[in-house]
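See the structures that follow.
Shared chain: chain A. Partners: chain B in the first complex, chain C in the second.
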Partner chain A sequence: MVTATVEAGRRHRSSFIARKTTRQAVLIWCFLAPSLLIFLLYRILPLAWNVILSFQAWSPLRPAVWIGFDNYDEMLTDEVFWQSLWNTLYIIGSAPIGIAIALALALLVNADIRGRDVYRTAIFLSYPLMTVAVAIIWRWMFDERVGLINYVARSLHLVDSPIQFLNSFTWALPSVIAANIWQMLGFYMIILLTGLQNIPGNLYEAAEIDGANAFRRFLRITLPLLKPSIFLCFVIGMLNSVTSFDLVYVMTGGGPGRATEILVTYIYKLGFVQTRFDYAAAVTVVFFIMLITIAWAANRFSGGNAGAVERD
Partner chain B sequence: MDRRTVIKGGLAMAGVLAAPAYLRAQSNKKISMLTWNIADQEAYFKELFADFTKDNPGVEIEWLDKKGPELPAFYQTQLVAGTAPDIIDLQGMIWVEWAANGALLDMSPMLEKEPAVAKLYNPDYLSGFVYDKKQFAIPFYVAKTLLYYNKTMFKEAGLSGPPKSFDEIINFSQAMAKGEKTGFLTLNFDWLYWPLMRMNGVELLKPDMRTPAFNTPETAAVLDKLAKATASGGINKIAWTGRWVEPNGAFASGNVGMLQAHSASYFFVKGQGPWVNPDTLGATQAPGNWSTPTNHAFVISKSSKNPEVAWALIKHMTGNKWATKFALSRRILTGNVEADNTVLAKMKTEDPLAHAVLQTQIEHTDKMTGNWPLPNDAQVKDAFWPEIQNAVLGRKDSKTALADAERAVTRVMRRS
Partner chain C sequence: MRHYPRWPIHLILLVASFIMLVPFYWVLKTSVSGENIFTYPPNIIPRNPHLFYYVDVWYAIPFARYFLNSVIVSVLTIAANVIFNAMAGYALTRGFRGKNLVLMLFLSCMMVPFQATIIPAYLITGKLGLLDSYLGLALPQFSTIICIFVFKASFDAVPKSLIDAAKIDGLSEWRIIWKVMMPLAKSAMATNIILSFIWSWNNFLWPLIMTRSADMQTLPLGLSRFLSYQEDTTGALYAFCVMVLAPGILLFLLAQKEFIQGLTSGATKG
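Presenting the complex of A and B:
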């Protein structure tokens, strides 16, 4: 009798817990639903439609026809695609240069110098600027007639005639990269500065007592402890580089020739200039796979838990 | 009140409420119009629409304006959504692709029904909007390339007058190149550089309009000359890399001898160049009188629910009265013969230099080039131009660049 009562009580309790869990789950789903719906509507569905489109011949002016892998086949022999891919990889590859400069600046403004807050603000200012504004500023900086860089170079007799930075096959891509690095510098610096300030001072004191010089302290303490901040800068820098459409579009439009064409500008031109949305979709799919691969590789390098929420 | 009475009353009420909307729908005709980067013309269009609706009561006009690069993208989204504007102002040759894909209304039957309307326009400009023997657009405002030259620089270089041949363009350019100064610039978008090719007998495509015709020793020779002149500073590199502001700005600085550009450039150059006056700036035809047009024209969407109203509005806008007003207020030509003659007569006394520039736009209109009715014009342009840049900027030798361009253009044509 007692056993039966205990059993009934246990059943009642477990069904109560189950009901409570279900209620909680429903509540959680209710709270999540609007965000998930928006995510589904504006991210997943367009992405799925984009994948389908990449297997079709379609434009707003023509009905869709299934063509299988034709768009992907075309990509293999499309020189512009490969050139854009290379240029994109070059820009991605420039992220470490920016991080290295930002690290040097962060070390400087972390030192006990007068007016360091002013320097920090001045360096950070480039980041909140609109990319289009940055592109316009740098376009004029590089201008051969009224540009500051040519003016300084000629005043110092470094060059005889102005360098046509954005009109030159040699200089155009490095010029765009320089502008991109400049814009991201403030962001990198703030992240690295935060990382530097989180390194306990007693580590440096102990190392100094042990006779480690400044370079060794930097190599053995600063760099290893800054690894998460550097990693964060690297991932964000890479993603920013591959999507720097507005910078390239305003500064050079992808030219001269295809010298600064990157995948995003090429995708835009295919879709909205050439009305080739189908082929643009195929290039987008490849671009998406490339981004996913980069993010996955970066996550692996960071130990496999990038973005994980730490629990107390 | 029983249930039946309530239902009857409800239905009656719904009928009363719905009737005005139905009647409104019957009496009102709403049309939309999309223009290309002329948002500053709001007052003009307001007045024009008021004048139109006075004679066409019950017509509602919705006016939209988009900046150049935004317009095609906007149109494409509207087309997919099934809400394409009834009337669209299009620039360059973009209309051909839309016409070839059945998005635009053939206006030939309307023009045949009203032969007097066709006579309003310059026949060469009007025929520039024919594809597959059908008239798809009516000129709104027109321009074609001409050769501007800096008389002061010509004098300094001992040159007596503008060049009469391609070789003279090259030689004159070299003669004026000195230090900061360069001899020649051209606009390059929308095939505006093509007169340089055409004056040398270069053709883009064979008469079948599918096979490349440009990969010839003659074209290679032209590219070699252009590359050589560019490398030596005779031709300013901006000619091959700039779009609008850069080449016009460079010429306005007074350090460039010649500029091949359309009439709109005059107002830009005049605004930026304090040196510009009839004694210092010359305007003439390019050698051989070749020019490339870059016109604006009105088209009607095939999906328009009120094509007859759209046609009436286009006639209204491009007719003598409103075309003249537009031409006078903007100091441009419209393709409407009477309007253009009026503005030219006014300019002759008010601004002789502007008159000289605009006069070139109605001369030799039979020698317009670079305006092929290609449904894949944007793709051909995009395949061809980077290789030409490679050649003239010395990145590839001209033969390799032409072979690569031929391969790229052939691929576009095959795909189409």
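Presenting the complex of A and C:
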């Protein structure tokens, strides 16, 4: 009799707990729902839709027709596509320059000197700015008649006649890259600085006792331990510079000719100027595969453990 | 410890800071004088500075309208980010089935730049009937993964006993988030507010694609349109730049610590 009651009680209890855990699980999923919905709607679904659209011939006025790989075939002979792909890779290839400068600055502002917070602020200040305004500022700096850069170059007699930076096939892309590095430098510096501060100080002391000079300490301790931060800079810098649509759109509009056309500006023009959504989607698919491949390669290169998340 | 001369470090950092700050000065100078738009060599120090160009901006373009639009979109984005990210961050502090899947999903979403989704994002927003609306402008930024992880890290630091105590007192999970967790996660909230403000305030590509009417344009769009009308013929363009940059710079200088903390913790975690 008594055991039966205990049994019943236990059964009741366990079903109560079970109900409670299901209720909690439901609640947790409810908490996640809004964020998940937004990411599904604006990240996952678009990726899938891009792939589908890339195999179709479609525009808002025509019904969709499956055309297999025709869009991709067109890309093979599309010179503008190859030019923008090349320019995009060129920008990615220039990311290490910015990261190297940022590393030097990070080492310096990590030193125990007076006023380092002021330096950090000064160097970081350009990062949170509106890129459209940054682009206008740099258009003005690069201006051929009265731009500051030409003025300085002419005063120092580095050049005889002003350079038309943004109208020149040689200079336009490097000019955009310079503006991009100017904006990203502080961000790289902060990431690298955090990495530097996470390196235990006693490693340096031990190396110093062993007689390693500053350069060797940098090469053997700082650089290897900083690898994850450098990788992080590279990936973020890549995502950021490759997508520096605002900068290119405002500074050069992709010109002169197609000298500064990058994949994102080309996709924008294809989609929203020429309303060729299908072909633009195919270019986007290639663009995305390229990004993932480079990120994967960089991850392998940095030792494969960078960007790992603590899972508890 | 090591002894080394400090002045070379100061010298290099001074030069670097100078290079980083000169463009600000140059644009500020042009916005109050504008003289060297036409004259060469340019003056380094403005002669007869005036505020005429700032007044000009006010009358030449619907600045108030752009400003209002930007503020509305930013406020919507900030509110949604704080609420949704806090909820998701709290959920991620708990153990539940499928958690690893959700984490994987979040991390892979971080690798998808928004620019690689513009065509379908435009079509989806069109299907939702939100083109050319405030909600449509803000919706893609309603939740950000970095900010979710910022909240999660902050909630993880809250002692478990406090949550248990709140539960014994009969508080629901919903109220635990807002009454117990949020007051303890003030800096995470500040980070969320600042980051989502900066991202939404500066956003250009999305408004460019999805606004149709001039009434819905935000500040970056107004700026780029002003440039295409006027080219470099007036100092008002640079006055406009300064007016647009000022809120961001002010906010950043006020809350620099939270901003940088958020970026680094978010970036290194995610």
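We take it that the second predicted complex is superposed on the first by the 267 of 312 C-alpha atoms of A that agree within 3 Å, B and C clash if a C-alpha of one lies under 4 Å from a C-alpha of the other, contacts with A are read in each partner's own complex, and residues count from 1 in each chain.
The criterion applied here is as follows: contacts are C-beta pairs under 8 Å (C-beta built on N, C-alpha and C of every residue); 3 or more make two chains touch, one makes a residue touch a chain.
Model, not experiment: these values are computed from the prediction.
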So, does A:Ile230 touch the first partner chain B, the second partner chain C, both, or neither? neither
Go through the superposed model and pick first if A:Arg145 touches only chain B, second if only chain C, both, or neither. both
Where does A:Phe272 make contact in the superposed view: on chain B (first), on chain C (second), on both, or on neither? both
Pick one for A:Gly255: touches chain B only (first), chain C only (second), both, or neither. first
In the superposed arrangement, does A:Leu61 touch chain B (first), chain C (second), both or neither? first
I'd like to know which partner A:Ile190 touches here: chain B for first, chain C for second, both or neither. second
Quick check for you: in the superposed arrangement, does A:Val109 touch first (chain B), second (chain C), both or neither? second
For A:Ile163 in the superposed arrangement: first (chain B), second (chain C), both or neither? neither
Which partner, chain B or chain C, touches more chain A residues: C
Chain A positions within both the chain B interface and the chain C interface are 145, 272
Contacts from chain A onto chain C in the complex sit at residues 24-25, 27-29, 31-32, 34-36, 38-39, 41-47, 49-50, 53, 105, 108-109, 111, 113, 115-116, 118-119, 121-126, 128-133, 136-141, 143, 145-146, 148, 151, 155, 182, 185-187, 190-191, 194, 208, 229, 232, 236, 239, 242-243, 245-246, 249-250, 264, 267-268, 271-272, 277, 280-281, 284, 287-288, 291-292, 295, 307, 309-312
Could you list, by residue number, the parts of chain C that touch chain A in their complex? 2, 6, 9-10, 12-13, 16-17, 20-24, 26-27, 30, 36-42, 80, 83-85, 87-88, 90-92, 94, 96-97, 100, 102-103, 105-107, 109, 111-124, 139-140, 142-143, 145, 148, 156, 173, 177, 198, 201-202, 204-205, 208-209, 219-220, 223-224, 227, 232, 237-238, 241, 244-245, 248-249, 252-253, 256, 259-260, 263-264, 267-270
Of all residues in chain A, those that touch chain B in their complex: 59-62, 74, 79-80, 145, 164, 166-169, 253, 255-258, 269, 272-276
Using the touch rule from the top, collect the residues of chain B that touch chain A in their complex. 69, 72-73, 76-77, 79-80, 97-98, 101-103, 237-238, 240-243, 249-250, 253, 378-379, 382, 386-387, 389-390, 393, 395, 408, 415
